[in-house]
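The structure appears below as structure tokens.
Naming follows writing order (A, B, C and D), and every chain is counted from residue 1.
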Amino acid sequence: MSEPLLRVEKLSVEFKKFKALTDVDLCVNEGEVRVVIGPNGAGKSTLMDLITGKTKPTSGKVYFRGEDITGKEPYVIAEKYKIGRKFQNPNIFNMMTVYENIEVALSGYNTVFKSLFFRRTPETRAKIDTVLEKIKLSGKRDIIASSLSHGERQWLEIGMVIAQDPALIILDEPTAGMTAAETYKTGEMIKELLAEHTVIVVEHDMDFVKQVAQIVTVLDQGQLLAEGTFEEIEKDPRVIQVYLKDDAEQ
Amino acid sequence: MLGKLKKLPVNRYIDAGILVFLLVFPLFANNYRVGFMGKTAAYMIFALSLDLLWGYTGLMSFGHAVLFGLGGYMVGLSFTFSGGVPDFMSRMGITELPWFASVLQNEYIASLLGIIIPGALAAILGYFIFYSKVKGIFFSLITMALAQIFETFFANQSAITNGTSGLGGLPRRFFGIELRVKPFYYLTVGVVILVYALCLRLSCSRFGKALTSIREDENRLSFVGYNPAKFKIAVFAISGMLAGLAGMLFVPFNGMISPTELGINLSTSVLVWIAIGGRGNLTGAMLGTLIVNWLQTLLSEFSADIWPLVLGGMILAVIFVIPTGIVGKLKELQYNANARKTLREISQKEELPNE
Amino acid sequence: MKLDLRKKLMKTAAAALSLTMAASLISGCDKSDNSDIKIGLLFSKTGATAITEECMINAAEMAVDEINEAGGINGKKLTYVFEDYATDAATAAEKIKKLIMQDEVTAVVGCYTSASRIACEPVVEENNSLLIYPTFYEGEKPSENVVYTGAVPNQQGDIFIPWLAENVGKKFFLLGTDTVYAQLINSQCRDALANIGGEVVGEEYVPNGHNDFSTIITKIKDADPDVLFVNLNGDSGVAFFKQYKQYGLDANTMPVASYLLDESTVAALGAETAAGHYTSINYVSTLDTEANKSFLERYHEKFGDDAEMTVVGEETYASVMLLAQALKKTDDYSAESIIKAMDGISLDAPEGTITFDAETNHMYLRGRIAKVNSEGKFEVVYESPELIKPNPEA
Amino acid sequence: MFIASQLMNGLASSALLLLYSLGVVMIMGHMSVVNMAHGECIMLGAYVCYYLYTVAGVPYLLSLMMSFFITALFGAAVERLIIRKLYGKTAETLLATYALSLIIKQLVNLVCGSELKYVAVPFDGNISVFGVTVPLYNIFIIVITAMVLFATWLIFYKTPFGMKMRAATGNRSMTECLGINCRAVDTLTFAYGVGLAGFAGAVLAPIRGVSPFMGASYVTDSFMNVCVGGLQSLPGTALSSLLIGQSTSILGGIWNEVNAKMLVFLIVVVMIRFRPDGLFKKERR
């Protein structure tokens, strides 16, 4: 098989002697939908932080299309390698309008020089309109983001990721904290995304996982616990044990 | 439906009002008032430059007057050296001009330097500060220290700058054009319009959006693929150049330049003007400058003693009653009214098919 | 309660704003009454030198009142417009513009700091108006539109340095705030000492507002001079004198000589710390003459017994008097003819008779050296026999 | 000998610097509030000292303590009325405290007059050891600063209040959960910081000019000092005071005051650039 889109090799990170992640390996192929699950504190978000450059690893490598991107700055990873990320809590620009949020995220004008001479052409307008259509916020394009509902903010952030033209999308718990109706809408939205992009999703909702996952990766206490199809994972005794333990605690 | 929101924001009307006011002002005022208004117009450019930095990008500089003062000193020194060894130098026993005087004697070069040097200083400083990930409050503290250093430095180089007394008797010249009060006033207003247009263009561009995003959430922006440090350096440099330009226009009206023009006091004052007018929308910077400066001269003609109390009270009133400033509040009101309408229309639309 | 205050503030602000706009429209109107002669007073009521300038404002007001009580100027009443320049040169230039262009005053009496004078000069020159500057200062090439009534360094130093060298000692240590003023008088002191065989054993400058002198005092002790020639601005001076005493320096063996030691500094120091130090100036409030005693009596009656009188106050009083005398002599109130009218006036000021020098626009003054006694009062220890000719460009 | 004298002088300057910076450690370090009116708090302390000690004839040490309490009371009022509503809003706090500084300055100017006030030096005289003259008041400054530092350290680390305060700055919501009244802790911390500034003002009063405008010269110095020390750290600030005080003193001794001041300032700025967490702070994530 040729080089996968994303390859993570023996990635470890330590915070003040606390091992948040130990020797994690991960391969994601072009067009794949990967779900990462695991109990709280398993290191899912940390792994995403390492891939997107938010945190620098203590050891290990991250390769994207065979290129070493370990420890690069987040903006390089986002701009040059086109990895888009949606955060766990909706992370949008609150005091800007919906339209502006998408416009900023639009790919291709991210240097000082280009941004200075950027003009809204019919093409860019059309592109922003498409994104707004996709995230169902066309009517609220001139509303300031802070007055959106929680679900709408999640969608807006998804919209920002789409506007980036990403080669890889990382979605961190996209349905967390949503109402049932919103979760349904979001599910639809993400399915559309999945059809067109390579995606890594961190998710808790097992129904959702079952619905979308091709391969599931399970993390526990900073280590890779299991990897396989949903059916395989479901039957894996180690996974069951981890989740049972987690449930028992709750 | 969208038309209502796309209507011109309220602050553009205020902009137009300010502009008309500036243009017709000399028709009703004597030369003293026009000279004063000219200074205020130069301050407006200064406030606009800081609004880019603070209002849009969220970088609260406590040393912006350094850049303003450097611009002023470039032209001030140029005029002073143009007549050979100035009086204050010869009295200190200096018979030869310093080496850089010959460069500054050329008015055009000095005028260009008045823009370039503040810009370059801002860029260099920005490079140091923003690449080291110095965060919010430290930027304010470093710039505060910078203002202190420059004020002390210019006050102590008395052999060149005439110390705290400053350089006096400066003519009304700008890039080699010498004019009487009113024509020079109109020249300044012209520059105000140009700078305003430039700032408007910048703030509406993708660049401006990126700046606002830095203010809102710098980290998020880097995940969209921008390098925030570069943007911050760029805006600091642009802001520095505009501040220098403002200083160059201020000095001819003021007739002099002294180290207080690049110290902490002026730096803080301009922050106050912007805060009162409302930050992050250009209009507020201009309106705040106009209001505060007018009030100050007017009140000081009645009683000089109460001005600090009035200003202090105004600042507190703005912070607690209208935290977004005068223009910010007006914009909010307009937005709320329009947003309510839009949202109502959306919900009506959604309800109809369900019924 | 608090909310009320806020509302009030907002209302005040709104009212003031509308006033502003209104004022800008009517400001072109001529408001002056032709039967009065209007002068401008420009001093700091706020800012760092407000302390010193309070006495100048008082003295000017008193002079105007006295002139009017005595029948005004050829029957016309003398009125004044006051402006505060807040110890800021740019504000001074702004305010003098306002006085000249808007209030259309005949002349302005004012400015204390050199910076403010330098800022105002171009304005009076451009408008061909008149500024009377009532402060001792470093001297400059006289402007044709400025009359200087204070002492210039040669009127202080010419007698001071030789007297100190003869009566106290020949080894001098020079210390000053890093300003043109201090550098200039220090260089004059150096020249004077060179002529009479004295020597300078040390020279130091400190930034404006500096107030920790332990290092300097250690250097002074090392240099062991006979006289400390110290010219520090404002509270720097106070801090220096206090620390001087702390470190056990003694006015008997190493007195401080300063042009900037005046009554208000002595009050802030306390008699114990100030005793034994010297200053050289044309006026001190303890001057034992009838004219001065009556002057002080009137002053204290008007402004209370605690009000200090200092040399700049007396000079301001003299300035207004000089202006009034000149105005009586001429009908043409242009700067040129007022100054021409001053020629030949000898003024009976509280400090004694002084005369105007038409050559330099300065005053012939009597030089005096005074020492602070144990009660914190200045005692004149030497008086120049003749009036000293001003040499502002020395 | 010269060097020995300079070291002693430097020690006294350092102690003073530390004394008027301690309030900033409390307020800027622990509450993340940049108090632009810090200089005016110092000035208020000096005025309280003037009115008690010079005017009313209260013994000096008692006046010192009173300066602390009265300015602390003032600080508490300011926290309740203004600062409380602005936590987390850096720009607003800066502007509000700047407004406060304008108002305090002008009110004092109008009420007390702008002339310099006379405060006699309480421990007059000096002692000479091996030819090094040390004013008694300098020794007093060093001793009192050490005492205040020690007292602050005790309050910080050895009392329940200090524990609460450190908890409050560490993790607010968590502390609230533990049933600690964060608001009371905030008020007390702010009041303590302002009180320290007032105390410093009272110590400065006898040897510096007392005027409504005296505060300005202390503000930037103390901010810079605390930044170098690492914002929250008492020992850090003590060390940086020593470093800045001594280097200014020694550079001033061999060079001149103007250059020394500027050089130290530049070094501080460059240092903040490379170690924004302060000189003495360990690397943290």
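Of note:
Keep this in mind: contacts are C-beta pairs under 8 Å (C-beta built on N, C-alpha and C of every residue); 3 or more make two chains touch, one makes a residue touch a chain.
Treat the numbers as computed from the prediction; the structure is a model and nothing was measured.
Taking each chain's centre as the mean of its CA atoms, A is the chain most distant from chain C.
A count of contacting C-beta pairs for B-C and for C-D identifies B-C as the more extensively joined pair. Taking the mean of each chain's C-alpha atoms, the chain whose centre lies closest to the overall C-alpha mean is B.
Taking the mean of the C-alpha atoms as each chain's centre, chain A and chain C sit 73 Å apart.
Chain geometry summary: the mean Cα position of chain A and that of chain D are 48 Å apart. We define each chain's centre as the mean of its Cα atoms; on that basis chain C and chain D are separated by 35 Å.
Shared interface positions of chain A, defined as residues touching 2 or more other chains, are absent.
Across the assembly, chain C contributes 46, 178, 207 as residues in contact with two or more other chains.
Contacts with at least two other chains are made by residues 152, 156, 305, 308, 313-314, 316, 320 of chain B. Interface residues of chain A, counted against chain B in their complex, comprise 52, 54, 73-76, 78-79, 84-85, 87, 91-96, 100, 103-105, 107, 109-112, 114-118, 139-144, 147, 160, 164. Only residues 54, 60, 128-129, 132-138, 140-142, 144-146, 148-149, 152-153, 156, 264, 268, 271-272, 275, 305, 308-309, 311-316, 319-320, 323 of chain B touch chain D when the two sit together in their complex. Chain contact summary for the complex, chain B toward chain A: residues 1-2, 5-6, 202, 205-207, 209-210, 212-213, 215-217, 219-228, 230-231, 234, 335, 339, 342-343, 346, 349.
The part of chain D that touches chain B in the complex is made up of residues 32, 34, 36, 82, 85-86, 90-92, 94-96, 98-100, 102-103, 105-107, 109-110, 220, 223-224, 227, 258, 261-262, 265-266, 268-269, 272-274, 276.
Of all the residues in chain D, the ones that touch chain C in their complex are 2, 5-6, 9, 12-13, 16, 81, 106, 109, 114-118, 120-121, 124-126, 128, 133, 135-138, 206-211, 213-214, 216-217, 249, 252-253, 256-258, 261.
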